[in-house]
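Each structure below appears as structure tokens.
Both complexes shown next keep chain A, but they swap its partner, so chain B is in the first and chain C is in the second.
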Partner chain A sequence: MAKRRREFRILGMTPSEIFKEFISGSTGKVAMALFIILVVVSIYALIVLPPNFAEIWNNPKYWQLNPQYAPPAWIDSVIGPVYSQQIYVNNYEYSVQQSNGVTYITISFSVDYKYDKPWSEMFVVINNPAIYSLSQPPVLSITVYRPDGSEIVLGPLPIDRRVTTLGVVPEVVGQVNLFYAEKYHITGVIPTGSSATPYIFYTVDGGKLTPLKGVYNFRLVFYVFSQNASSLINKEDLEIVLQGQIYGLMGTDNEGHDLWLGLLAGFPIDLAVGLLTALIIVVIAVVIGIVAGFYGSLVDEGLMRLTDFVILLPAFPLLIVFSVLFRWNIWYAVVFLAIVSWGASARIIRAMIMQIRNAQYIESAIIAGASRMWILRNHILTQIVPYILYLLVTNVPGAILTLTSINFLGLAGSEYPTWGMLLYYAEVFGALTSGYWWWVVPPGLLVAFVAVVFILTAMASEPVVNPRLRYG
Partner chain B sequence: MGLARTLAVRAATLVILLFIVLFVISFALAGPASKILKDEIMMETRSIIMNLMLHGHYNSTQIQQLQMQIMTQLENAYGLNKPPVIRTLYIMYNMIVFNWGYSYFPSEYGNVGGGKVIDIILSALPGTILLDTFGILLSALIGIEIGLRSALKYGSRSDRAVMYYAALSNGIPQWWLGIVMLLVFAFYLSQIHSPISFPVGGIISPKYYSLWLTNPLKIFTIPQAVLDLLWHFTLPLITVLIINVGGWAYFARTVVLSISQEDFVTFAKIKGLPEGHIVNRYIMRPAAPSILTNVFITIPFIIFGGFLVTEMVFHWWGLGYVYNIAIVGSPVPDLPVVVALTYASTLLYIVIIFIMEIVYIILDPRLRE
Partner chain C sequence: MTAMALLEVKNARLYYTTTKGVVKAVDSVSFELNEGETLAVVGESGSGKSTLAKLLVRVWERNISLVDGEIYLEGKEVLHIPESEFRREVRWKKIAMVPQASMNALNPVIKIGDQMIEPLLLQGTDKEEALKMAMDALEAVGLPRDIVNRYTHQLSGGMKQRVIIAMSIMAHPRIVILDEPTSALDVITQANIMNLLKKLKWEFKLSYIFITHDLALASELADAVAIMYAGKIVEIGGAEDIYQNPSHPYTQGLISSVPTLRVDKSLSFIPGEVPSLINPPPGCRFHPRCPYYRDRDYLKGLCDAKEPPGVKVEGKSSRTHLVYCWLYG
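For the complex of A and B:
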């Protein structure tokens, strides 16, 4: 005789039947596909981002070579070569000479300038502190050979810090101004306070500044006032960066943060806060629901009054005021939000348990001598598990949206950049009045994406948890 | 008799809720959050001292004495020298009698009422009422109509489209859509010198602003001002409609679907009644109260959720925008305004809930017994 296998069934369906029911509608398929995308991107984000990403993000020095407020780099392939790309010069010629106690290090490279908007700045970075802290710092002189045959000589500039910003040195500004005065007889080309670097790439045509396109050759000579300095400035320690006007996949913000990384970082943190809030809500709701539904009478009455209270609380204004008063970070906001939003879920759980409790088979079980715990474990918990999962899913989008809103007010922040915080800084730094769409559109889209994934999942699982909606 | 009792119990619950919220906020303000108050006193003292040093002749010991004196005086004025329990009660009392004090930065609010918090909040009410009433009622009307139609065509392509639209509009933050609308219809339209472009925010043009703040009703007697208001109103209203219609449609669809599965509907179909008759008599009638009551019950939740932040984005002179000024627009959080706003919101919220519950009882005959 074949042994009868005990089947695991929830709501009269085996797990594979539930899955089939879920996937049967088009909503279920879409939800499933989006969910997989969400999980894959989140895992990718966790792999790509370094573990100390929060520290890096909040360190302005790390981002200082990036352009500020730069649109994404791919817009050049859409509207043609208008904005110059960020260039990290690494294929340069490198030679060392020594004479009379001075070491000359010559570096030459060329760049092809074919854009309408030139590079906004040029940085010379020396990563070896032994060099820029010499008693007599090295000196740098730069010669630029322009496509029209003219040349601009810049420097000598003392190299006494890690990052030398070429265009803001007063001497360089003077030299570029002088170049325009001698060659084109116009004075004061560079407005006070702006960098001289872009003006290296301009010419004067009909009395107006126009970009001069072509190949520019740069020759940098470092004068180091000591013997054997070749070991001091070598290729690993030297970086030359031409700061573009566009950057990366998603552009940059006011501090030059690579927004692509900021958006990626939003996946783990926003999912974490959303899921954690939903989890706490559901745990409280289940405990309250079971206690109320199971013990009945006075306990039930009291707990339901409490639930009514919680449902009525104006969660968002309270979240604002406490975030201001206590200077909460996002984790406190998560806990608070969960504590004021479990009401509706608890009501649903209680209603479920009341329904189950009055069923015939529970009565039979009690007559047969089953203990409360046994009934709870074998009859009640197994039946409410799908509802618990369903509530978990339905509570996530609301939590993410509320926490994004509170972040958008600049409250309840975290070290890790959330999408709401990106939007807050965008608003504060005038993204709206200056049209920085790349800073405003993607974070909101991602919030909407994550919320929609959970909403669709909830919608698709409605036929599973609500048998009346199952259509043949 | 029973009706009066139900309402009385409900009113009592709501009043207790208000007191609990009030107590928690006051206690937080009096106890753990008093450090913020101390910081602000320190800042205020420093600015007074700076002024004195610029305009008077004092030596350093005199300055130090003065500083101490001002600090203790201010701390006494704010009641920081009293025990937290007394201060909590004191704050609660002041809140209840609408003595909400003065804003730290009255100029940020256009010096409404000389910086009196109650006047600032009162001046913000008309804006909130305007946007919320129109936004909610219009979106509910449109949404319910769409929901009905899609439920009657269950499973069709348009029905599925409504479902996805509902999911999407529930997931998009309303205020973010507002930002995008501003970017497109205010910033880019004026960028390309389009003849029609919308304002980048605000409730009304600057020349009418002072009138709006003091006497908003008078605005409606000036035709140009009304047009100007409508011009400012367009983008916020469209944003609110796009987001809220989906939710209503989905809800109405669910209600109508569950009713159209009832036995009496099936029976009517078997009887061979005409389709229009079934919809009007057998589906719409039982569905109406439950849809309408839901509209009323959710109003306060909608207002004090997404609408607040939407007002901030559009610089729409309402409670939300005042919140924004008090939190983000001021050098330090403007505590009197933030706290009073939260209390005022809770009060308003509770009043609305109570009114809606009366409407609910009137609409649903089962509850009258």
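For the complex of A and C:
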């Protein structure tokens, strides 16, 4: 016989054998595929999301350019060009001139408007604070050349902040109103409190406002009252954003959060929460179960009374009460949930050990001089390890569902958005009654998806953990 | 008995404590086992056969209350030596045991090989060497060597029994105690196992203590037979003598209750049942069921009062034929 190295084995199987066994059935293949997706997406999320994502998520300023309550961008490709897309204009003509101590920066770009619902807002973003915090702020004047040959002149307006929201500047509102009054003899087109931006893209047809489709040319001129402004400002510092009616892969919520990022962030955190809870449950259950089952007598009696007590505790109501009382975050909830959930598992492990302990092969081992540790390692652990793995896998979806539920109640939140928290805000802001399906359906489906993945994994691991089911 | 017996048991006693009282499972049992001999220990369920086997390999339950007597193995007393010494030098190496219900004696989640070598590993044998010994033993019992990589559930009942037998002969013991080795098997498999046991006996020069309730089966293998009743040996002698000249009323009853193929005879049985070993009948323990005691008045006051002495009966075989009965006393 060739040299036998000490291999790593569980249940007498090497990891590669376990893997083969696991994917031998169709359930196993599906479970493996879904599990890989789950893990890959989680890793992807950790890579893609910046490390300070929690901070970003909770900073409303970060999301101010995004539309609120916007459906996902891909619905245009389903129902045709109805909603205008979010456009970040970076690619524009840029020229700088100087005369008499004033620097003129001219930007021109064009957009093709082909939608039924125009852009809801236009932002002028200047990323260099040196520009907008000059003692005499720069002034912006905009000329819009519309497809019907008419033009609207907006401004001049002072640019004294990073983000200038064009449509809400009173001057701009006045100028657009004036445009409609002069050309179409309609006064007060823009309702009070609304943005003027969409009305740039309308015309009047038969006394009614209709979208005017075609190519719009924009010409923006910045007057910077400084001789050396050309060294202060460069092309990358300037950005024009047309706020769409639809946004991103998964739409936005009430604050303009990109829900895609929120859902993505939910993967690692929900997985971490589920796995951590399951791990704590299993560790406690195994330790209590082994000690009780193996040592028996008074130790057993004491531990089992404790177990009974834990089994009787109503976990979810207690979780709600304590989360409210102590303002727990999700990690406290995880630990608490684990501490009140190990009872049944510990009892089953104890029962298994009691049964194994009295088997004849244990007697033989004792006769052969096996120590307690030997018996524990070679006879008892080998038989309960499969069950431990099974417990681990089956406890994950339960924990995720419970913690999602508690999050859904607005309790035990985290800085990071969890799916439960997305659902909570969706509920608070009436997503369901307002038809914001993109806010409700994806997080709900993902919770269900993770549960299904783990349940399938548990099912597929049966032939691995039960040698009786092997070899067909 | 000219040569020294391989195994000599003198007045062995083993009592258990239970909540109801002390169970005298083995009470003053004495016998000898010679080199290369097969001694069948026959008795009803609950007569203390298995306890006797456990006593010999010193495997007893926790609720033991008394272990007494002397057991000489190759002239050396082994009942009162320390457990660690017994384990190191005697168990498996000198006396091995095939446990009862051995179908359940294998851990379902450990490979056969790993399970077989466990006692060897615990004694510090190198794993490779131990595995080789296991495979050799498997070959000896007619199983393929690669069975070491199988699990229990992949084997048939007969194969499991062979594995257990292989385990017992692995360390080349002198004596193998077979505790009902064929009890859960069908007749064909039973015959196979019996033939295997005969073969192994020659090959490895083994001595067997064959524990069974089946007199017919015992006749297949036995050179000598000991009949046990209620924790005591009631008759012991060479196989021929016992089968042809059963002297104890209990032995007679046992033999006449063995069914015969295609012969139309009504099966006789022994009325009553094995008495409680907590409070056994005084005197001869068989007397409440004994037909002679019932019929013969002179036995009254004798059988139910005093323990019968061992009486030699003339026989053909070289072994002493002893019967413990007042009929001959």
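Assume the second predicted complex is superposed on the first by the 433 of 472 C-alpha atoms of A that agree within 3 Å, B and C clash if a C-alpha of one lies under 4 Å from a C-alpha of the other, contacts with A are read in each partner's own complex, and residues count from 1 in each chain.
One rule holds in what follows: a contact is a pair of C-beta atoms (placed from the backbone, for glycine too) under 8 Å apart; a residue touches a chain by one contact, two chains touch by 3 or more.
Predicted, not measured: the structure shown is a model, and the values here were computed from it.
In the superposition on chain A, A:Ile107 makes contact with neither chain B nor chain C.
By the touch criterion defined above, A:Ala70 reaches neither chain B nor chain C. Residue contacts after overlaying the shared chain place A:Ile388 against neither chain B nor chain C.
Taking chain A as the reference, the larger set of touched residues comes from B, when chain B and chain C are compared.
When the shared chain is aligned, no partner comes close enough to touch A:Leu157: not chain B, not chain C. By the touch criterion defined above, A:Leu38 reaches neither chain B nor chain C.
With both structures placed on the common chain, the touch criterion links A:Val224 to neither chain B nor chain C.
In the three-chain superposition model, chain A touches both chain B and chain C at residues 468, 471.
Of all residues in chain B, only 13-14, 17, 20-21, 25, 28-29, 32-33, 36, 155, 160, 163-164, 167-168, 170-173, 175-177, 179-180, 182-183, 187-188, 191, 200, 257-258, 261, 300, 304-306, 308-309, 312-313, 323-324, 327-328, 333, 335, 338-339, 341-342, 345-346, 349-350, 353 touch chain A in the complex they form. Of all residues in chain A, those touching chain C in their complex are 1, 4, 11-12, 359-361, 363-365, 367-370, 374, 378-379, 382-383, 386, 467-468, 470-471. By the touch criterion stated above, chain C contacts chain A in their complex at residues 57, 59, 84, 87-88, 91-92, 99, 101-102, 104-111, 114-115, 118-119, 122-123, 127-128, 131-132, 151, 153-154. By the touch rule above, chain A contacts chain B in their complex via residues 26-27, 30, 305, 308-309, 312-314, 316-318, 320-322, 324-327, 397, 401-402, 404-405, 408-411, 423-424, 427-428, 432-433, 435, 437, 440-441, 443-444, 447-452, 454-456, 459, 468-469, 471.
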